[in-house]
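Same chain, two partners: subunit A is paired with subunit B first, then with subunit C.
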Partner chain A sequence: MTATRNDKRGEVAVRLEKPSGAVANPARSRLLAGFLWGIAGVVSIALLWEGYKFFGPDNGVLIGELRVLPRTTDLAMPHLWDMMVRLAEPVTRADGALPLWAVVALAALLTLGIAAAGWAVGVVVGVGFALLMQRWRLAEFGLLPWIVISQTVPLIAFAPVVKSWGSRVEIGSFEWQDWMSVALIASYLAFFPITVGALKGLQSPDRIHVELFETYASGYWSTLKKLRFPAAVPYLLPALRLGAANAVIGAVVAEVSTGLQGGIGRLLIQFAGQASGDPEKAWGPIFGAIILGLVAAGSVALLGIILKDYRRTEEAA
Partner chain B sequence: MLPQGQFAGYFAAADQGFFEEEGLDVEIIPSGGDIVPQDALANGDVDYAVAWVPKVLGSIEQGANLTNIAQIFQTSGTLQVSWADSGIDSVADFEGKKIGSWGFGNEWEIFAAMAAEGLDSSTVQIITQDFNMNAFLQGDIDAAQAMTYNEYAQLLESTDPDTGELYQPEDFNVISYEDTVGAMLQDAIWADTERLDSDEDYQDTTVAFLKAVVKGWIYSAENPESAAEGTVAAGSGWGPSHELWMVNETNKLIWPADNGIGVIDEAAWDRTVEGAISAVNETGASPITEAPPAAAWSNDWIMKALEELEADGVDTTGADFSPIDVTLLEGGN
Partner chain C sequence: MSDQILNSAALTEAQRTAGDMDAAAVSVRGVNKQFQTATGVVHALEAIDLTVSAGEFVSLIGPSGCGKSTLMRLIADLDDPTSGELTVFGKTTTQARLDQDYGIAFQQAGLLPWRTVAANVALPLELHGVASAARRARVADLLDMVGLTEFADRFPDQLSGGMQQRVAIARSLAEQPRLLLMDEPFGALDEMTREKMQTDLVRIAADTGAAVVFVTHSIPEAVFLSDRVVVMSPRPGRISQIVPMRLNAVAGREDRSDNLREESSFFEMVTEVREALHGGAADGTADEPRGARGVDTR
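And then the complex of A and B:
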């Protein structure tokens, strides 16, 4: 394998030789195909849902006492169109109540913001740990086991402690807010894959490249900037995606666990409690949570486009 | 506590400025999830907590130093609801049936009432209930646990698929634990025992806090509509009819209070303790094994608060209280 820069230059040269239209068309048709596959996926899930609801027995499918497929009643599986209609209706009869979709969207935005804050902290902490462990072998031996162990602490035990500590933090005019406890828990779940991915990436340059830099008398920082970080990108991107997914899950679960109001996690519980009288309503936040996850994953994909020059391979994970 | 009608008086006290009148700056901390009010109080994260008596008795037995300073709910709001044709008319009929229970310390009345009938968890099938009444409506549970102010309303705002209309009270058999020996005291205000003993500021704050809370509950009794709007505005997520039902049913558990709101009735306290000792759930656990220390409750603070309020001409017994009629709409809207 030759150095990154040569590959890149070769690619650019090829691209310049092609007429611009020829480049745009395959890209556009790839996009279109992806879009169509996406639609096909959603439609097939919808058909499966309504198909099972129509043909499946009211009481679901049981093997012995165990129900392997759900009931098909309107209570357990409302029609998709009823859910859509419910999304457009006001959330309650109260004056000035927003439509359900708007309430869900606002809650999802709040959770997204908290998850993004948690993710950002996770990136800083994760990359920081990775740098530390890459620089000093001893740090890797000392830290890595603890980082792995940290992920075995159950959230149910962790959440009240974070909230309890948070309620005591008061530095000058800064006062710990409840949402920060949630963001902290989200970052706690997010930093782990980022640490592992970043460490693997920073350690990934071939020995000959490292030695080449040494012969140039390149210092730690310039080696880091010109060799290690570019080499780490293919490892870092999937790690950041995993981190984003973890941050969203962490934020939703931590909202429920710490009782934070206003986010999608709380809304899920709140509307699940209303599912007997208003079965369609409970599905609103579920759709919101799905879209939230897609947006989070999509945002990290954007990062991949910005860093595309460094993504030599896709195989690394 | 969560913003919902069950806690309307506290939110009313905040909205109507009763806390400020008493010179207090009160922050209501949402609980729920894994945040347990009495644990937060024992840890010193909060100054007061609202929690059910049997749950806190468990915490006290495990070493928390907490004192019940006001028994806001005088009667139990727990029901066990079954279908009208199920033949489950009393706790004795639970035998061999699928009985719903929430767990997490909300189940002790069921087991105390069953113990009094010579039943235990091995003679029934205990099914853990989740957030709604679907398991009951779909027949997975024969008799479901329900609070008068919440889950029972959820049933009455659900559509009967056979008729297309909402379920009616006559569709259900309702057993109220208040009528059984299993009845236990529920929402009470708890304070830190040591600080009550030694911290004079805390003592003064306690009386002021109780005065504001009592005013809040009086407001809620006299203005249920406005109190319900307050909890909706605070983010209950329920529709207005469900919220109003909740405030109204909660008021019925509080008012009229013959001894004065919040005063702990020793007989009811003793009954709760006995029930809690006798109750054994499906995992073999009991909330407590022996009677709690005498410091676990005190009427000193609520009596002082009520005296000061009465001196101002406030009626703290709710002699004129009469509940309103609430019509539930589909989905609680």
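And then the complex of A and C:
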């Protein structure tokens, strides 16, 4: 109910904001509208959840033997406010236990760090492949099919393999850590969209631009720096964002399948196991994972703001 | 001054060849260009001979497919001839390209959208390591020349098509080339802007003393701008006639203005070029005067 009232107030705010805001600063009012739409989306999901829980039958909706909508018991679908309250309570009954949200946040931070490492490796590898394939057509013919096939290998299948190979790596004082296996798997998912996006971007300059640089007797590296990379930015940004999202998914899944402690993936499994006694607790790491994904994608969006001049087109306004 | 140009315009091809080779901005000798396509060999250019003197303004005109753009690409070293010989200031075209002896402008402006107007003009200077202070001064001069000083910090998408083209021309002049290659640079512009740009180009070419090879579809444009108009015919691409422009007698290049467009000599020249175009087509493909299709007679 509070949610509905808030929503209405939000609508009024938009109506009041529009005339003055649109005239004064269209960009700002667009930003505000986006923000309000975002809130409206979250509110409508919350309404859907609580509405179904309220009106839906306890045993869910069944067609014959098949359950098409879930049970609405507190065990299967806890109230949203119970989840929120649970987040603020200590994670266990032990003395001095941290609140659930803090435990989730710490785990999410660790996973974010691992995913970031995986993403960075994915960027280096992806851009490297793209450079090779842009430079030599033969490399494109030879490599691209393998790169596509690489993504059809099920991640869970080879996570343990990576871990066991990793444990045998020891170069001087460098010793392979378990988190590195997770980062490697994350990079395996991240590099693919980055490779494809970077290749498309590096190949994107118009013939007229390429020939112009040719008439300037510009070499490979200066053409790369002054033409191909800047032209690739509009293709790279969405690819990097996809890569970031993939890195997070990869890291979470790899944590689960390699059994790495301390990350959010492990927490998801662990708390889900306790769901029969403490159903609200299991939702903590799920919220954590969602926010983790948003933070990862959002940091790449920041990169887009910095590089906004490179997203222009040549057409006259 | 105008006498001198008149005399040089009256020289025959043979005399030019016999003259000082080093002085020629462009020399084309017996050039053929064939393209392999799925349906067979296309003769884009056949037995092309052409000399452009230093400081001379030469237009290439002809219907679509006559190879005028191909010829310009050969001079710019963007393509290689199948046979024959091309030199630019007495060097091979590759060497001339490496030495940056020419500036080039295409039908589309081809500005880099992520660079400001000033940065676009500075691009060739930047690529060739001109110090930033010298670069700034040169860019300021060039933008002044094309009348875009107050747009220096704008981006290409904030300019009209005509302004973009002016930026492209400023860029082609950045390194003070002795030869300008222009492939229908005003083709996409409206008539008003086009006439203004033509007048500007005549002035700029006179100021810098650069030789110009100018590809165009438009007869009046070619007549207004050129010292000589090279009329080409298609399939295979050949030079059917070279028409010297007597406009020089009335006005030296630097004095050419819009008034010229209304003089009777201008119309006589337009007629002469038009007849050359139609005659050339009749020579090549017997029955059809529609060989001149695609030529803009506005």
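Definition applied: the second predicted complex is superposed on the first by the 288 of 317 C-alpha atoms of A that agree within 3 Å, B and C clash if a C-alpha of one lies under 4 Å from a C-alpha of the other, contacts with A are read in each partner's own complex, and residues count from 1 in each chain.
Rule of thumb we're sticking to: a contact is a pair of C-beta atoms (placed from the backbone, for glycine too) under 8 Å apart; a residue touches a chain by one contact, two chains touch by 3 or more.
The structure displayed is predicted, hence computed values, not measured ones.
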item	value
Side-by-side fit of subunit B and subunit C on subunit A, or clash	fit
Touching partner for A:278 - first (subunit B), second (subunit C), both, neither	first
First (subunit B), second (subunit C), both or neither touched by A:177	neither
Partner chain(s) touched by A:29 [first = subunit B, second = subunit C, both, neither]	neither
First, second, both or neither for A:163, with subunit B first and subunit C second	first
First, second, both or neither for A:230, with subunit B first and subunit C second	second
First, second, both or neither for A:76, with subunit B first and subunit C second	first
Contacts of A:270 with subunit B and subunit C, given as first, second, both or neither	first
Residue contacts with subunit A in the superposition, subunit B compared against subunit C	B
Touching partner for A:218 - first (subunit B), second (subunit C), both, neither	second
Touching partner for A:257 - first (subunit B), second (subunit C), both, neither	first
CA minimum distance (subunit B, subunit C), superposed complexes, angstrom	48
Contacting residues of subunit C [partner subunit A, same complex]	76-78, 97-98, 100, 102, 104, 106, 108-114, 123-124, 126-128, 155-161, 164
Of subunit A, residues touching subunit C in the complex	206, 208-209, 211-218, 222, 226-227, 230-231, 233, 309-317
Subunit A - residues contacting subunit B, complex	71, 73-76, 91-94, 156, 159-160, 163-164, 167-168, 178, 256-262, 267, 269-278, 281-282
Residues of subunit B touching subunit A in the complex	2-3, 30-36, 39-40, 43, 45-46, 130-134, 137-138, 154-155, 157-159, 161, 229, 232, 235, 237-242, 329-333
